[in-house]
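Chain nomenclature is as follows: A, B and C, assigned in order of appearance, with residue numbering initiated at 1 for each chain independently.
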Amino acid sequence: MIARRVVRWLDDRLAAAPFAHTTLNRVFPDHFSFLLGEVALYCFIVLLATGTFLAMFFEPSVSEVVYQGSYEPLRGVTMSRAYASVLDISFEVRLGLLIRQMHHWASLLFAGSILLHLARIFFTGAFRRPREINWLVGVGLLVLGLFNGWAGYLLPGDTLHGTGLRLGYAIALSVPVIGPWLVFLLFGGEYQSPQILSRLFVAHVYIVPLMILGLISVHMAILWRQKHTQFRGPGRTQTNVVGEKMWPAYAAKAGGLFFAVVAVVGLLGGLVQISPVWLYLPDTPAAVTSPAQPDWYFGWLDGALRVFPAWEIQAFGFEIPAVFFPGVLLPTLSVLLLVMWPFLEARFSKDTGPHHLLERPRDRPLRSAIGVGLITFYGVLLAAAGNDVYARTFSVPVLQVTNVFRVLTLVLPVVIGFATFRMLRSLRDREISRMSEGAVAVAGGAGSDD
Amino acid sequence: MKGGPAEERAPRLIALSFLVSALGSAGLGIVYLAGGHTQAEGLMVGIAFGGLAFGLVAWSKYLMPNGPFVEERDSLSSEDHEREKVAADFARGGRQIGRRRFLGWSLAAAMGALGVAMLFPVRSLGSRPGRDLFETAWADGIRLVTSDGEPVRADELAVGTLLSVFPEGRTNDADAQAVLVRLRIDRRTGGRPGAQAPEELVAYSKICTHAGCLVGLYDPRSQNLLCPCHQGAFDAADGARPIAGPVTRRLPELPLRVDGQGFLRAAGDFPEPVGVGFWNRGRS
Amino acid sequence: MFCRGLLYPVWAWFALSSLLLASSPAHAGTATTNQSPQQAAQAPQPYLRDCAWCHGPAGEGTNRGPTLRDVGAASADFNLRTGRMPIDSADEPPRRSEPAYSAGEIEQMVAFIGSLGSGPEIPSIDPQRGDLGLGAELYRDNCAACHSVTGVGGAVPQGNIAPTLVGVSSLDVAEAMLIGGEGTFTGSMPVFGPDVFDDHEFHSVLRYVEYLQSPEHRGGAPLGRTGPVGEGMVLLGMALPALLLFMFWAGSRK
C-alpha cells in the first residue's frame, strides 16, 4: 500500500517508473568471482564512514604540544598535535581505537580486493572490447587507492610511518630534470616543510576520495550500460545475460556481502592490533626505527628498493640517482603495462570484436602465463621487503638474504610463468581433443566466442 | 524453486541469524555504555554485521527466486544512420566555426592563455629550489649540540660511541643532522680529517644518500654506519664510503674543529649536498 | 568449472595460515635457548677449569680468546648470568642461554674478573627512579634504530643481530649498555656509559625498557610486534581467504 503511494509520488515528479521497472528486473550473472569488485566498493564505503569519524578528531598540525593524556609512558613528551590527536582518538574517545583500526584494516582490504578483482578481470579477458574504458578507470582507481593509503598512514607522524614520507620525498626528488622543482612545489619547500602534513591531509580526505568517488561512478555507470560479462554455459550467449534478478535475490546478496565486509573489518579492527602508533613513538627529524616496512600493498616497491643494486647514472654534473629505477621507473612501467594491456592484446591477437563471454585461464595460456609470471614478480618483491625480518628470525646475514631475493626476482617469474603456460596449454589441448572426439555440438568451444 | 531440507530449515536459521545480529548490536551498546573495550566492541560489530550478512545471503540463496533469468543485451554499436545523424549534428555547428576561422583561432588563443594563467595558483604552492638542496645550516664556528641542546666536548666521547648532533639552536633541523663517532685511531684509513680536530672524531650527515632514511645504526666493531630501511652500509673509518646495500654515494663529512673551551664546532658546511640524489646535484 | 577446484585450496590456505598465525609466539624473537652446556660439578675453581683454556689462567688472554683485563665485573656478570659464556663454539657469536653456573660460582668468578684491571662495575639500578616519558624519547633516539622501536630487536647488517629486549631483565640491559658490543661480543652495540647518559637518563631508559616487557596492546593481538609484516600476513592469510570463502558460498561456482 505505502510502497505504491511512494512510487506514484516519485513517478509524478521524476517519471521514474520505467527506469525502476528495468532496474528491479535487471539480471546479474552471479559467479562468486564477480563479487570482488563489490567487496572493493564496500571497503571504500567503510573507509569513508570511519574516515569521516576520524577526521572529526584528527588535527593535521605539526605544532608541538606536551602530551598530558592518559597514556602514561608518553606523558610529558613533546609531540606534534597530529600525533597527540591520534593518541586521544586511541585512548580518550570511546570506540575511537576500534574505528581507527577498522579504517586502517579496511585500507589493507581495499587494496587486496582491488588487486584480486583486477586479476579476475585479467585472467578472464573481461577487459576486451567494449570494456577497455572501464579497465582504464579501474587502473586509475588502483593508483588512487594506493596513493591514498600512503598519504593516510603517515598522517599520525610516528617513527615507523615517517619513513614513508622520507621515501616519498626521495622518490619524487629523483625524477630527472624536474625532480627538485616538483618536490618543492608539492612539499612547499625542503623535506621538513611544515605544510606537507596539511597538504597530505587535504589530499587524503578530500581530493583523492572525490576523485575515487567520481571514478567509481563512471565505473558503475559503464558497467550498468554494458551489462556484466558472464562465463560460457548452457543458454548463455553473446547477446544475453543469464543470472539472478536484481530484486530481490541479487539485492539481498549484495547487501549481505556489504555486511560481511563490515563484519570482517570490524572483527579485525577490534581483535587484531594494527599500527599501534603509541608504541612507535612520535617522529622527530633524527628518529630511526628498524625494521621499517610499509603497508603490504607497497611491499613490492620497498622490496624493489632493497633488491635493486647500487646503480646510478652520472654525466656532466647531472645524475639519475639509484632510487629512480626501482622507485619511479618500475611503478611507471607497471602502470603503463596495465594501461596498455587491452590494446596490446587486441593488436597481438588481432581480435577487435566485442566480447561479452568470459574466457577461462586455460583458453589463453600465454596471457595467463604472463599474468602469473607478473604476479610472481611482484610477489617476490613483496616478500623481499621483509629481508631484515627474515635475517633476524633465522640468524642469517641480511646481505645473503638480499642476494637470494635478487636471484629469485629474475628467475622465479620466468620459471613459474613458463610452467603455467605448459600446464594450461596441455589442459586446453586435452580438452579440445576430448571434445572433438565426442559430440559435435558443444556450447562454446575453447578459444572462440558464441 | 527450491524444495527439500534446506528450504525448511532455512527460515529458522535466517531468523536466528538476524536475532544474533540484534544481540550483537545490543551488546555493542552495552559495551559502549560500560566504558568501552576495543576487543569486545570489535566482536560485537562482527556479530551484528555478520548475523545480517549470513541471514541476508541465506535468504537470497535458499528462499528467493534465483532464476536463472535471462535478459537480452542491446547491441552496443548504434545503427549507422544514427551515427551519421550525430556527425551531421556536429558538422552543422562546426560550419559556424569553419566560416569564421578568425573567431575560432582567437577563441583558441584565449583558452590557451587562460590555461596557462590557471597554473599560477599551483606555482604558489612552492618555492624555487634555489640553494636549499645544496646547503645546510652548518657553517664555520657553529657548535655541535645533542638533541637536548647540550654542547659536545671533544674529549668526553668514548671509543665506539655514536651521537646524533645538530647545529646549536637548531635541534629540529632535518637536513643538518649528523652523527658523531669516535673511531679507534688505528682503524682510520681514509676520508678527510677535520681541520684541527682529533683524527678519531668524525661527523657525517645522518641522511642516507639512497632514499633519505636516517643512518642511525652503528657497529663499533666493523666501524660501519648502517641504514635500516634498505640495509645500506657505510665505512665510518673511510669517509663513510658505501660498502653494502643499494647505496651509491658516501655520506658527506662535516669538517670539525675544537674551540678554546674544548667544545666541538663545525669548520664549515658539508662539502657536498646532503641526502638523496637529484638531477643537478653535481652542478652546485 | 575451474572455480570449483579453487574452493579446497582456499580453505586449506585459510586454515593453514590461521593455525600458523595463531600459534606464533606472543613476541617474535623471544630469547632463544641453546642446549645448556653440562652443569659443572661443584669445583672450587670453575674459572680454571672452563675459562682458562681460552682466556688464560690469569685472564691475560691466549690465541683462542681475548684478555679479560679491564672488561669489568659488569661484563663478567652479564656474560655468565645470561649464559653467553662459556661459549659453545668459538666460531659463533655468543647467544643467550641457560647459565652454566650457580649464583655462588658466578659471584666468585665475577669477583675474580672484576679484580683484573678497571672496567665497569655491576651497576646498582632502580628503574622506578627513571622518568618514563624521558626514557621513551631516549630509547627512540638511541636504541630503537637497532633494537626496534617496539623492542623486538632487528637485523644489524654485516651479519649481526640486535637481540630482542623482551624477556630481558633490567640488570641485563643496564650491564649491556655499560659494556657495549665488545663486552657482549657481538661487537655491534655502542657503549652507552656515563658520557652518553647521566644517572637520571640511564634509569629512564631502563624504566622504558622495563615497560616494553609488557606494553599497551589494547588494540588486540600484537602479532609479535612485527608491524606491517604481520598485519600483511593476517590480511593475506586470514581476512581475504575468509571473505573469499563467504563469496564462494554467496555466489555460484558455475
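Going forward, a residue touches a chain if its C-beta (ideal position, glycine included) is under 8 Å from a C-beta of that chain, and two chains touch if they have at least 3 such contacts.
Just so it is clear, the model here is predicted, and its values are computed rather than measured.
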Chain whose average C-alpha position is farthest from subunit B's own: C
Pair of chains joined by the greatest number of C-beta pairs in contact: A-B
Distance from subunit C to subunit A - Cα centre to Cα centre, in angstrom: 37
Approximate Å spacing (C-alpha centroids) for the pair subunit A, subunit B: 16
Averaged-CA centre spacing for the pair subunit C and subunit B, given as whole angstrom: 30
Residues of subunit B engaged with two or more neighbouring chains: 38-39, 42, 53, 57, 60-61, 147, 164, 214, 216-217, 228, 231, 244-245
Multi-partner residues of subunit C (each touching 2 or more other chains): 141, 144-146, 154-155, 157-158, 218-220, 246, 250
Contacts with two or more other chains, residues of subunit A listed in rising order: 30, 97, 101, 253, 256-257, 260, 264, 268, 270-271, 284, 286-291, 388, 398-399
Residue numbers on subunit A that touch subunit B, as the complex places them: 25-27, 30, 94-95, 97-98, 101-102, 130, 163, 166-167, 169-171, 173-181, 183-192, 199, 226-227, 235, 238-245, 248-250, 252-253, 255-260, 262-264, 266-271, 284-292, 302, 305-312, 314, 316-323, 327, 354, 356, 387-388, 398-399, 402
Interfacial residue positions of subunit C with respect to subunit B in the complex: 141, 144-146, 154-158, 160, 180-182, 186-193, 195-196, 218-220, 246, 249-250
Of subunit B, residues touching subunit A in the complex: 32, 35-36, 38-43, 45-50, 52-57, 59-61, 64-73, 75-77, 122-123, 125-129, 132-133, 147, 164, 166, 172-175, 177, 206, 210-217, 228-231, 242, 244-249, 275-283
Subunit A - residues contacting subunit C, complex: 30-36, 39, 67, 71-77, 90, 97, 101, 105, 108-109, 112-113, 116, 159-160, 231, 233, 253, 256-257, 260-261, 264, 268, 270-276, 278-281, 284, 286-291, 293-296, 299, 360-362, 385-386, 388-389, 391-393, 395, 397-399
Residue ranges of subunit C in contact with subunit A within the complex: 1-3, 28-29, 131-137, 139-141, 144-146, 148-150, 153-155, 157-159, 161, 208, 211, 215-223, 225-229, 231-232, 234-236, 239-240, 242-243, 246-248, 250-254
